[in-house]
Amino acid sequence: MVRARGLGVLAAATLLPFAFACGGSSTGTTASTCKPDSVAQVPSTTASTAALAYTAAVNSLQSAPHQATGTVLKIGFIGILSGQYTSYGVDEQRGAQLALDAVNSAGGITVGGNTYTLQLDSQDDAADPTKGAQGATKLVDDKVVAVIGGTFSGATIAESKIFSDNGITQISPSATNPKYTSQGFKTAFRVVGRDDQQGPADADFIVKTLGCTKVGVMDDKSQYGQGLADAVNTQVPVDAGTVVDREHVDTNQTDFSAQLTTMKGKSPDVIFYGGYSAQFGPIVQQARRLGIKATFVSGDGSQDADAIKLAGSDANGLFASNAGPAPSLQPGYADFAAKYKAKYNADIFQYAPQAFDATNIIIEAIKKGGADKAAILAAVTATNNYQGVAQGYTFTSTGDVKVSIFTIYKVESGAWKAVKAVNLNVS
Amino acid sequence: MSFLDILQSVLHGPFGNFPFAIVAWQAILVGAVYLVARLLRGRIPKGAFAPLRPLGRGASATVRNLYVLVAIGLLLPLAELFTGGYLISVTYGVELYVMLAIGLNIVVGFTGLLDLGYVAFFAVGAYVYGIFASPQLADLTHKTLYFLVPAGTTPGIHISMWVLLPIAGLVAALFGALIGIPTLRLRGDYLAIVTLGFGEITRIFANNLDTPINITNGPSGVTSIDPIWIGNYSFGDPNHYLGPFRFTPFLNYYYLVFVLILITVFVVNRLVNSRVGRAWGAIREDETAAEVAGINTRNLKLLAYASGGFFGGLAGAVFAAGQHIIAPESFQLFVSILVLCMVVAGGMGSIPGSILGAVVVGAVYFLTSQLQYLSILIFGILLVILIIFRPQGILPSAQRKLELEVDESGLPPHTETLPT
Amino acid sequence: MENCLNHLTSGFTVDGLVQQLINGLSLGSIYALIALGYSMVYGVLELINFAHGDVFMIGTFAVLGVVQRFGLTDQTSFVIVVPALLVAMIAAMALCGALGFTIEKIAYRPLRNAPRLAPLISAIGVSFLLQAWVATYVSANYFTLPNLIHGEIPILPDVSISYVQILMFVASFAMMFLLQAVVRRTRLGRGMRAVAQDRDAAALMGVNMDRVVSFTFIIGSALAGVAAILWTLNYSFNQTVGAIVGLKAFTAAVIGGIGSIPGAMLGGFLLGLAEALGAGYISNLTCGIFNSSYQNVFAFAFLILMLVFRPSGILREHVSDRA
């Protein structure tokens, strides 16, 4: 009979590991210092007066764009405009477009006797390096003076060489891989912190703030996910915590029970997941079904509405970090969010404020140096504490931001609420 | 509104976003197209669907076709110089696929082995080049073997392309033979699935071989790969000028791959028109009969995989040099299937066919990328239509034309009939 | 070395093992259901229906549509959830069945006398078509259903089997018995078996080839619809889920013996177990050299080993020179 054979296999498989069964039983949230529920929302502050510059920029979005005159100056945008990660790229494109709208509706930029209307030239890299290289070449052909992009680090790195070869300033609103700025390209900038900064911040949060020392680390074997998880993996022991298990999944995977079951056997108090919300949500859902009670923490790839949607009823109590200050601490956020909603009838997904700020940095550079690529590059390099919607920006010699700010968020009542801010000063 | 925008709106239909509404509209469209096709059926002369006629007299048709293609290939990029680097980058991308298509044609077209994992050879070639011409092995050379390395040398192993390109090809060829061994007894569909599996396994290994020893650097891939150098001329240098025109590195690589394609075509042509090629043909027709006739099917199949692998690996190596970074996400299953589409569309067992197929399919794929998934949708439809109505491809070889062409009765010409 | 020994022994607990077995078997039951479709079609046509996994994927979206239409949440009471899920299942089965029938009629039937490569390529084209269609006109995002069926039965102190998982086992076995009944007792089922044995002889005996083939596709695709609803209750999905799960289900069909119905079931469960145990314990068994991200490699490795050493599968029934 068919089933006899199947049972035989089952029996053999069941008996064999008994020989090795010397691990203890697996339940228990035992750590007494581990208090994930004790962390609460950070109270919001009112806008500071030093932040008037961006407020002006955001307020000028109010006026209806009238017919702008003058020569057309193209600003390039390259990012993920197709595929499963489209939400990130489209969000950034919208942020950049809002910045350009504000300038155009105020009559464009007048510098050196010329008036310019700004136009966004968008290319899709679909997070693929090859497509990114082609899109970057197209932008070069289109004679853009500066570029906002890319979205994910892999394609951004591939594009960076092309922009560097052509002297075009590139500011990425979301590429967090350290490699992007360590290649030595003078044109590569970013307005967010790096994975090798975000990871330790997350690890510190888990071990020191939450007080949980038994940590399981999981990643999706993507460039971003593994990079972040590796950084956490290294920092946790430094903070006197223990990584009890390290698991990997695949970005196409939808059934995580094998990895989660192994993780459960090591009884971590906290599980850190490096990867995107498309997997984070289902992982949490399946973990709860398996009876895992550990707290879940993730990085900026999961700090968005999709994670809450996919995790469903298990969303409350999740933590995730993100680059940039909390929206309540971003002086211009509420205004920006309102303008975004008014134009696009949607909520900000994640990096729109960063894209908005990056575009404005370029606009400021054009105001100083005119429509010349080299002048724009010089002005951007010399950016000194430009106050954007999200934070103030100064670039280091490698193109990173001097002050990297990360915020840890928690899902409460079905929405992300900021619970901790981490400011890192990089000299 | 560009042509692509119009196409998109036509396919979407006026009934809103609800999926069933869209299906209904598309069903109406399909019905309309079908009716039109039936009406026109008798009225289009058969010659419209005849294979492309060769140009000129005298030399054989295939050679003539090749001359035309070579001329176009040489001059096209120069024409594109006027429009900027984007078209050149697309042409270069298509050209790499041309090389892959010729390589796959050896396996699928000439030998009849359905290989759905061709991207594995591409990946192997790319990684071999990438690892040995970049700082990837810096740990190995500067930490473990530091006593062998003179002070001041750049980290990592950097082998010159004259040595490394052939090596990349040979390693990929070896890989092909290794993949071939377990598949020797498989036929048809099973072979397809197994080769697909090998393609995926290669990608997963590339993604994971960063522990315990860092060979491929995992998902981040190998970065800072050396460009190709000939003497003092760096192919990756963006500051080369042709008269007043500044040309992109893609142009350099384009001509390099062009030379490689010429070599490939020459070699493959010689192979196919030799005993080896005839033996491959015999295996494709009927493997059992070939075996019985004394052909060493095992060695010949392995040779087919190895040859296909060699050219795939060569293409991969240049790809790595040109893009200066490679990552596992560039070597997905989709690439294998796209190359297969090109070979099938162009004409299996026909070298000009696979070149043309690669050009047509590749151009459509790259130039419609704004349509994102819609372009893949159209591909799928075209593939089905192509295989049903013209399975011999656009430029079939004379032999395959006889085998595959469907005549008016709807039967292929070689259907077995019961003895009377 | 000591680290390695540590690795080897630290991973095995009884709880963990039993849980992995349960996970593996429930995943396996879904593979089994889809494998039945592959197996039947191969038995009748000697064709690997590449697009079968994508028919399953369409089924998952059908279920999503129904669940959203009913507005189900994790708080919805049992009384509403059960009928709604039944409706979803019927919708999925109907849609998948119709889709399977259409695909066969348009993309495979004209190629019935063509060389082996042609229907395979046609199937690839259909697969592309379905995935791209969903990505363009529905969404490329991932989706999950809310927790509709709650509750579990504890087996060991820390191991329980959820009602959903029990449902998966029961459903797959029920479908297998149903299918066996159909194949043994109905006229079309007899026709299927006849065509699988010898196509020409069956035609000479008056079996209507077209009808039998259509019937096979409809039944196989309907089973994929059942698999779809079971999948959505537990896992996430997007337009790529069909390709991956389909490939593994095909592997399961080959392992069990293609053309054999109990074989497909056996293959499905074996593959599910291999994946769960492999992903769970590979790191222990190889001292950390291979990690759990190699999960898909196991499926392929299993397939390759089977095809090299025992190509007709464990329960060989369909002996063909093609294997």
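Just so it is clear, A, B and C label the chains in written order, and each chain counts residues from 1 on its own.
Everything that follows uses one rule, which is that contacts are C-beta pairs under 8 Å (C-beta built on N, C-alpha and C of every residue); 3 or more make two chains touch, one makes a residue touch a chain.
This one's a predicted model, so the numbers in the text were calculated from it and none came from an experiment.
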For this session: Report the topology of the inter-chain touch graph, choosing from line, ring, star, complete and other.
Result: complete
Problem set entry | Between A-B and A-C, the pair with more C-beta contacts | A-C
Seminar exercise, completed: chain B and chain C have mean C-alpha positions lying a whole-number Å distance apart equal to 31
Seminar exercise, completed: dist(centroid_CA(chain A), centroid_CA(chain B)) in Å evaluates to 35
Problem set entry | Numbers and ranges of chain A residues touching at least 2 other chains | 82-83, 221, 248, 250
Exercise. Where in chain C do residues touch two or more other chains at once?
Worked result: 140, 291, 293, 296
Seminar exercise, completed: Where chain B touches two or more other chains simultaneously, the residues are 204, 207-208, 372-373
Problem set entry | Contacting residues of chain C [partner chain B, same complex] | 46-48, 61, 65, 106-107, 110-111, 113-118, 120-122, 124-133, 135-138, 140, 247, 250-251, 254, 288-291, 293-294, 296-297, 299-301, 303-304, 307-308, 311, 322-323
Problem set entry | chain B residues within the chain C interface of the complex | 12, 17, 19, 22, 108, 114, 182, 185-190, 192-194, 196-198, 200-201, 204-205, 207-208, 211-212, 337, 340-341, 344, 348, 372-374, 376-377, 379-384, 387-388, 391, 403-404, 411-412, 415
Exercise. Mind pulling up the chain A residues that touch chain B in the complex?
Worked result: 81-83, 124, 126-131, 133-134, 137-138, 140-142, 154, 157-158, 161, 165-166, 177, 179, 183, 221-223, 225-227, 248, 250
Seminar exercise, completed: Per the touch rule, the chain C residues reaching chain A in their complex are 8-21, 23-24, 27, 73-75, 140-147, 157-158, 160, 162, 164, 234-238, 240-241, 244, 262-263, 265-266, 269-270, 273, 275-281, 283, 291-293, 295-296, 314-315
Problem set entry | Residue ranges of chain B touching chain A (in the complex, touch as defined) | 83-86, 88-90, 93, 204, 207-208, 218-221, 223-224, 238, 248-250, 323-327, 329-330, 366, 369-370, 372-373
